[in-house]
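In what follows, chain A forms one complex with chain B and a second complex with chain C.
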Partner chain A sequence: MMAKVFTLLRKELVDASRDKRSVLAGLYYAIGTPLLMCGLFIVLINQLSSPEDLPVKMINADKAPDLVRYLGQQGINSGSGEKADKLVLQISSDYPQKMARGESAEVTVIADNSDEKMQDSIRRLQKALQAYSAEMGSLRLIARGIDPRVLQPLKVEMHDQATPDSKGGMILGIALFTMLYSVFISGMNLAIDTSAGERERNSLGLLLSHPVTTGQLVISKLLAVTAFAMLGLILILLISHFAYPLVPWAELGFSISISPQFMLLMLVVGLPVAMLAASLQLFVSFMAKTFKEAQSYLTMVMFIPLALAMSASYNIAPEVLKWLPVSGQQQALMEVIKGKTLPWMELAIASGLTLLIAAILATALARMLRSEKVVFGL
Partner chain B sequence: MIKVSNISKRIGKVQALNQLSFSADDGMITGLLGPNGAGKTTCLRTIFGLLKPDEGYAEIDGIDVAKHPVAAKQQLGLFPDPFGLYERLTPREYIRYFAALNGMSKQAASTATAEVLSKLRMEDIADRRCKGFSQGQRMKTALAQAIVHQPTNIILDEPTRGLDVMSTRVLRDLLLQLKQQGHCVLFSSHVMQEVAALCDRVIVMANGKVAAIGSPQQLCEQTGQTSLEEAFIQLIGTDEGIAA
Partner chain C sequence: MIRRYSCWIRSLLMGLGLFCALPIQAIAVGHSNSCYATGLSDRLQCGSVEVAENPAKPDGRKIAIHYVVIPAIKNLAPQEAVLGIAGGPGQSAIENAAGFERMLHKVRQHRDILLIDQRGTGQSNALNCDSEDLTAMLAHNDEAMDIAADVRKCKKQLEQHADISQYGSEQALADFEAVRRHLGYQKLHIYGVSYGTRMAQLYMRHYPQAIATVTLDGVVPMQQSVLAIGGAIARAQTLVISDCEKDPLCGKAFPKLREELDTLSDTLQQYPVMEKIHHPVTGETALLTFTRDKLQGALRLAMYSPSIRALIPFAVHQAYRKNYQPILGLLSLQSGSLDLAMGMHAAVVCGEDWPRLTAAQRQDAEKSVIGKVMLKGIDESCPIWQIPPALKNFSAPIASSIPTLLLSGEKDPATPPAWAEMAAVKLTNAKHLISPYATHNVAAQSCAGDLIAELVEKASVKQIDGKCLNKDVRRSFYLNASTVEAIGEDKQ
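Up next is the complex of A and B:
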């Protein structure tokens, strides 16, 4: 019984390893994605973070020399040119008079708030202006013999519990997702080749006319596809391990490091997902009559894990996603990489469900292959 | 020994097999002769348990295929139409794979593979991948796969299609050799010549039914014709779908 499964599996692996298309499909994804992600993050970080010296176009700067000096200490300088034009600080012409009289002097910040790249800079300028305003206010109160603390009935202190790693939730989510998704991509071509491809080449009928059960056949194909999926995951983890440190995470105040411990955890957590991916892909491809047909079905089906994992990482998802296949694993891994403890309970249930669905699909497939309609595509 | 009893099978709207009964004995070459669409391939697939009959049953060495498929298939070798080669494997790997699937140990499978490769004079192509093989080379590979595990029963579906003279001779010699060794050989064909030359017994099929059974000699006598071809046409009542 096991000897036949082993014989079948060995043939599947030899056959697959000689299939350029199957091998390259996994390879391209595993090597390309981490590099692409790193490049993307580097560009993103450069755009999102405010530069050290922020040039701002200041109108009527000469009316408020003290404010300008204060801003200058914060690295916000009066500048000109295209970059400075995007953020304009307009100081009203009656600024010195109003200041002298102890009234509110008007300053206007002109910028495009919908420009994602400018968000950080706008906030920085606003914060600096508010700080200056508070300082001036305190000075005015002191000049009138009043303790400035009367204006602060509440003293709010913020204890930020976020570890540096927990801040980049979304970016982490995307990075983790691309790794977990590799188990879906790496084995896909093999899954099609060994099912729809086998039927297309007329070898399925021959294989079934030999003394093997459809159960043995399904198990061996499942193991072969899972092996390819896991190889893809190992590869993408290795590449990520070396590629992610190249991104200047420090500018965002957190870092993603793919440590050997995390890689190990990911492999353990990824195994049930790989088995689910394999059984799902085999099940769908065996229903298709040709390679091409299977490909178009799978493209649609593969959208489900994509949607599950993505919604889990964007925090827009209902709680229930914590317990479901793919999204459960994704969330558990995110917790870990954020430096929190592994949610054992959720992960165990999500993994159990994952394996259960894989087993149901495999059983259904073994039963399906006993039907002449499926084997001959009648 | 292959025995088919009262098998009926409907595929879609077509009654492919209709109360078909016959047997093929050990040490004999039995030909399943019929025009295109007579139900030959359907019949062979039913014997292999790939199709389930609506009625009746098929037995291999006394084992019901539908009830004990794995045990029954253990005693069968199939030369299918189309061949179903794995193009990325070499003939040696391909043949050894099927030998192992039939329960042979690694060592025994390798030895049996080497033997059958030399028997079919395939040593020159044994370690080349099947991709790009000629029709004759493909035929030999498929044939080796069918006999490597020495099954008592060998079934061939249209074995001579697309073969040149040399390949046909290799095939014919092998079938005669198998018969002498006491195997039961059953093959389907619509080619008169090879049936007349090889078969001890001919089962003439038309419209999913047995039209006549007997040696080529008997069929001629039964119909009062001098050639098998004439006898055949008279038996099935038409000359449609026959190759001389």
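Up next is the complex of A and C:
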């Protein structure tokens, strides 16, 4: 029995490797996604972070030389040109008079807050202005014989539970999602080829005329597709391992690294998901009559794991997602990468459910293939 | 009871900027070794190493040396850390974690920052003396107080949990090294500020193999007794006055500043002022006894921060005209901002600085008011503390080829640039940069944090370019109680 499965598996793998183009097409995702993501983030981070030396157009700078020098110390310099025009600091013309009387002098920040490239710079300018105002306020109090600490009745301390790893939660979620999703993408071409494709080439009937059971046939196809899915996962992990550290995450205040231990864990956790992916894809492809039909069905069906994994990568995800296939694994892995302990319970149930669904689909498929209608696509 | 005002007149160096020295303990959380420090929301790693208080008696009393690690954002060199050493002597490095984080922010991108509460400070068996609250400090006539009685009382209290003779710099250095080995760091990049530069230099002397780079900020050379600080204070005070004279606005507003300060100081010496005031914090009626020492102490403290320094001409002028509110404000600043562990302070100063004072240095110190007051205080208290003097070779300059960056602030009221030159005589791989606008603790007031990051990254001082220190970041002087900008054209 096992021998037959192995023979069939070898046949599937040989078949698959003959069609190099479609095999590679499946693996492009695993190779391309991490590189694309990292490239995108490198560009984004550079765009979104405020430059070290921030040019600001200052109107009436001569009215407030001390303020201008203070801003200069923070790297916010009076400048001109196109860049400086995007962020304007208008110092009111009665600034010195108001200051001299101990009143509030008006300064106006003119900028487009919907311009995402500028948001960081706008915040930085506002923060610097507030700091200057607070400092001057303190000095004014001292000059009147009052301890400036009376202005701070509350001393608010923040204890942030985040670790440098968990601060990148959102981005990590997306990164993890692309990795987990690779098991769905990498084996898909093979799944279609070995089911709808085999039927189209009329070799399915021929195969079943040999002394093998439909169960053995399904298992061997399942294993072949799973193997490809796992190959995709290994590839994406390897590439991520080298690509993610290249992004200057530190500028956003956190780090992302894919450690060998985590890669191992991901492979173990990913295996049931890969089996689910394989059985689901084979099942749907066999339902379709032609290769093309299978492709369009699968595109739709693949939306389910996509939605599950995506929603799990946001913190607002409902509780139940912790226990479901794909989203359960995704959340468990996120906990680990955030430096928390692995939620064994949830992961075990999610993985159990995953395997159960895979088994049900495989059994149903084996049963389906006993019908000639399905085998010959009638 | 060591009165606080006497503390800050006698406390010699101090290090970290006034406003980053907010005194709250890092709070240990449960059993885990993660904790938080005041003003810093990040989760830190905390712990302690137990050492013998007296290395010669390994079975004797044990003390726990506490440390925190501020984790790198992205650790590119896990076997290295940046060790921040606080000033004082007597400041807690952990209490100032937020200040260190701000200064070393760039370095932290790729390396852990290690802060250790030196023995006798902070959480490491602090040798604190009781201090008087602001109300009593304002009311008392400090020139007529009994220093010796206070010292005796404090010593008696401390002796219950410490052998004060064991709290000098070299004993503490062995603790630092023990913490380094405990945490498994192979190399340290040292950042010492003020008195912390002495610890850093001792580290270079005794454990050079453990050091990758050194930054000395506000340098106290080994050859120098910190008690010679009187000259530095007088120099900084003269600089405030001449800066004001040179500034068109300040010069016009306070044309006779120099005479006014001298007159004020002399008058107060003869007739201290007694006034009913509103308490700077509570607002209740209180008494102020305003003496010459208090004036000099308040001005000295104000000179540590570039922004508060800007208030000095106005405060002096007002006090001269018998409005003591601005000076009262300056006096109130010391409470809470300078929690030095005075027992540890004495253990260092009386062991390492007092015994080596020469007659010439004493004469020098006598020249300035503050130098005289300090000398008097220290001559009275050190014989009571009875700290064994450091060995003679303690004051030899450090000879080393470790890449070393020395930072000085031109306006520094504690460690003038000349001191850094003295420290560098036998450093073969050193660079001394002077910030023309900074006071004490240059890294907190300038772009020096970037330069330190460059030094740590490249492990060399060759390419370091101090140009950014020359950017004009001068703070304008206050012309009245509200403004630093020209008042004149208020006629529209």
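Basically, the second predicted complex is superposed on the first by the 375 of 378 C-alpha atoms of A that agree within 3 Å, B and C clash if a C-alpha of one lies under 4 Å from a C-alpha of the other, contacts with A are read in each partner's own complex, and residues count from 1 in each chain.
Everything that follows uses one rule, which is that a residue touches a chain if its C-beta (ideal position, glycine included) is under 8 Å from a C-beta of that chain, and two chains touch if they have at least 3 such contacts.
Note that this is a predicted model, so its numbers are computed, not measured.
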Q) Is A:Val268 contacted by the first partner chain B, the second partner chain C, both or neither? A) neither
(Q) After the superposition on A, what does A:Leu24 contact: first (chain B), second (chain C), both or neither? (A) neither
(Q) Touch test for A:Pro211: chain B only (first), chain C only (second), both, or neither? (A) first
Q) After superposition on the shared chain, which partner residues are touched by A:Ala250: those of chain B (first), chain C (second), both, or neither? A) second
Q. So, A:Leu35: does it touch chain B (first), chain C (second), both, or neither?
A. neither
Q: Quick one: classify A:Leu356 as touching chain B (first), chain C (second), both or neither.
A: neither
Q: Could you let me know whether more residues of chain A are touched by chain B or by chain C?
A: C
Q. Counting only touches as set out at the top, which of chain B and chain C does A:Thr7 meet: first, second, both, neither?
A. first
Q: Under the touch definition given earlier, write down the residues of chain A that touch chain C in their complex.
A: 63-66, 69-70, 72-73, 94-97, 99-102, 135-136, 139-147, 149-150, 157-164, 249-250, 253-255
**Q.** In the complex with chain A, residue positions of chain C that touch it
**A.** 36, 38-39, 41-43, 71-75, 109-110, 277-278, 280-281, 283, 307-308, 310-311, 314-315, 324-326, 328-330, 332-333, 335-336, 446, 471-476, 478-487, 489-490, 492
Q. In their complex, what parts of chain A are in touch with chain B?
A. 3-4, 7-8, 11, 14-15, 18-19, 201-213, 372, 375-376, 378
Q.
For the complex, give me every residue of chain B touching chain A.
A. 11-12, 45, 48-52, 69-71, 73-74, 76, 78, 80, 82-89, 93, 97-98, 100-103, 129, 145
